[in-house]
Amino acid sequence: MEAFSDGVFAIVITILVLEIKVPEEKGSELWHGLWEQWPHYAAYVVSFLIIGVMWVNHHTIFVHLKKVDRPLMFLNLLVLMVVSVIPWTTSVLAENLTDAESASIAAVLYSAWTVVYALAFLGLWWHVTRVGHLFHERVDKDGARATRLRFGLGAVAYPLTVVLSLFSATLTLAAHFLIALYYAANQIPIPLVVEEERLESASDLRK
Amino acid sequence: MEAFSDGVFAIVITILVLEIKVPEEKGSELWHGLWEQWPHYAAYVVSFLIIGVMWVNHHTIFVHLKKVDRPLMFLNLLVLMVVSVIPWTTSVLAENLTDAESASIAAVLYSAWTVVYALAFLGLWWHVTRVGHLFHERVDKDGARATRLRFGLGAVAYPLTVVLSLFSATLTLAAHFLIALYYAANQIPIPLVVEEERLESASDLRK
Amino acid sequence: MEAFSDGVFAIVITILVLEIKVPEEKGSELWHGLWEQWPHYAAYVVSFLIIGVMWVNHHTIFVHLKKVDRPLMFLNLLVLMVVSVIPWTTSVLAENLTDAESASIAAVLYSAWTVVYALAFLGLWWHVTRVGHLFHERVDKDGARATRLRFGLGAVAYPLTVVLSLFSATLTLAAHFLIALYYAANQIPIPLVVEEERLESASDLRK
Amino acid sequence: MEAFSDGVFAIVITILVLEIKVPEEKGSELWHGLWEQWPHYAAYVVSFLIIGVMWVNHHTIFVHLKKVDRPLMFLNLLVLMVVSVIPWTTSVLAENLTDAESASIAAVLYSAWTVVYALAFLGLWWHVTRVGHLFHERVDKDGARATRLRFGLGAVAYPLTVVLSLFSATLTLAAHFLIALYYAANQIPIPLVVEEERLESASDLRK
């Protein structure tokens, strides 16, 4: 399951580049043609970072699991389905970013899709922390459950980008970049049972 | 073999998204353009679910095998070949779903291909259960063989969708969604030798 | 190295399907459009089988190796480079198969490329059998070296398809299908040191 | 992390071939059409070799690491982002290589991108050698640190290709081929603690 998911993330993050086209301008116009594609480069970088951070979070959860149940299998398929669509929302945004009218529509689509992703991911995390028995023994299950509120609050940033999309598509893209950077630097750690406690309980057993 | 197959499934399920195009409409027409592509979104979701369930079934079989023989290797290549074509049948269906005349043709193609897949998969399962010695020791081989009838009966749903395709392409797509959901929730389990029996035979050996 | 190579084979075999386009015909013309694409389906099946057999052979060699040296690393990159081009030679052949004049040109390209692949693969096998020390201990190195002639003779079939290409592109495609089927059924096995010999040499050591 | 990176490298190196198009010429013009695409073949071979060598270097570093910290995770994402763009710079170069005016622009882009890659890779290597504790025990950390200068000096070849790009795009492509060949043959080895030292320190411990 984890190898399959890692494969999907690796493919999605790599085929993102198919969204950047070769400029049709020839001759000295090529510089101009390359320059005019800046929305594609910007959208590529932001989506690459978003998917990369998603993968890191996804990977972090799965290394703390010792088994997978059927609901998790399908919640995970849902997460992968949502991730796989990102190259398309990225293309739509990049194509329309400099169009006065359609830019905000494309930005709403792009931002709304991050909300969908956040919900799918929260659903997966909710299930894992609720059933508990999928975790490795060393995971502090109550602590993991307690992260759900913080996890959920953090996801509020995404609906806000939907609102921002109505005003400026370019600012929205910048906001997604900053949010991804924030999550890159501030992952919610999955709490482990602390060493001392384990030593204590081990010595308790020996008495 | 299993890593290779998982790789193929992961790539097929991910390149499905290349079938959804960026609308050419600009300006305020973008909403309309996005809306008009609903057959692509619907076909994407259904095919993603179908391939995802296929992968889960495929994976379930392979984790119960301890070795691979040459016929299995080529039956497996056949299954992968059939799976790899699904992004194309999906595109053909999505392109034609709202066309009065060609919709049913595209739906017949899409449905017939699921029949081909079911046959290839049944062939693989038939071979594995017939030779028996490819299974891990803990698999109940007679029980596994007994699943073939139920497996085969379940596959009757696919030819029925070919018939349905002649009447309504949209209903056919919905039927495939429901069948995939059904298989997602009701996988035929591969029976294992029960614990008690193993304990008994173990104690028999000790006498 | 092996995981990387398996990944490349899995991707090449999967993106082959991108060569089959969605017919542009709408309405009742769709059947006709689907039918007219038969060269694409035929070329897809043949190339899928060729790459599948290549992968099986490649995999068989690598599971008998215990380490990789630098020349092998680059001979392997060469093999992967040649394999990765097959989706393109497949497309060129499929696009031109029914054109009276260009069919033979495309068939020569397709067939010549299989010669290039056979040479690259022979080079890899030559290197592995010549240096010997990359094999696992249980491989019969002299026996492996002896397969080189048979391996090389088998490769004569490929230059013959180049000649056949000048006469009929369709027959050439059929010939490639048959050759791939032959190799699927008659792989040259990598000889292992037989059990008895190992037991003998082991008892010799004990004296 | 390593499986994910290997997956990205495998996908990037394989989708390079999507950059080679099927010639539109039919009939006896096909030879001409195939011939006219030589810039695409040349660019394909050079980029395949460049990415292949990058992968070998990347792989060599990661097999010498025993763990990954957060900065390394994001430096690695940066390296993968830069690598993933190479199919696009390759396409731009191939499309423009025979255009009198735009060839040098495309060559500057292609060459500048190798500078970006070299910088990203140096950043990763700098971090790994600076913190030290990510290496396996058997790695000679001071020796690894000492390779940084040689590593950095080697990277000077890339800015020189940017200058060469202003004069001849074709020579630039040839230069990249030679540089990649050079790096293929002369990888900077990661020094290991020599056996003798380890034996000595082991015997010291026994006293």
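Letters A, B, C and D mark the chains as written, and numbering starts fresh at 1 in each.
Methods note: a contact is a pair of C-beta atoms (placed from the backbone, for glycine too) under 8 Å apart; a residue touches a chain by one contact, two chains touch by 3 or more.
Model, not experiment: these values are computed from the prediction.
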Given that chain B is a copy of chain D, what angle of rotation, in degrees and a multiple of 5, matches their CA positions?
180
At the interface of chain A with chain B, does the proportion of residue numbers present on both copies reach over half, so same, or stay under half, so different?
different
Compute the centre of every chain as the mean of its C-alpha atoms, then state which one is farthest from the centre of chain B.
D
Using mean CA coordinates as chain centres, what's the gap between chain B and chain D in Å?
38
Whole-angstrom distance, CA centroid of chain B to CA centroid of chain C, is 27
List, in ascending order, every residue of chain D touching at least 2 other chains.
3, 7, 11, 15, 18
Just say which it is for the chain contacts: an open line, a closed ring, a star, complete, or other.
ring
Each pair of chains that touch: what are they?
A-B, A-D, B-C, C-D
Provide the residue numbers of chain A that touch chain D in the complex, in ascending order.
3, 6-7, 9-11, 13-18, 20, 22-23, 25-31, 34, 44-45, 48-49, 52, 55-56, 59, 184-185
Under the touch definition given earlier, write down the residues of chain B that touch chain C in their complex.
1, 3-4, 7-8, 11-12, 15, 18, 70, 73-74, 77, 80-81, 84-85, 87-88, 91-92, 95-96, 99-102, 105-106, 109
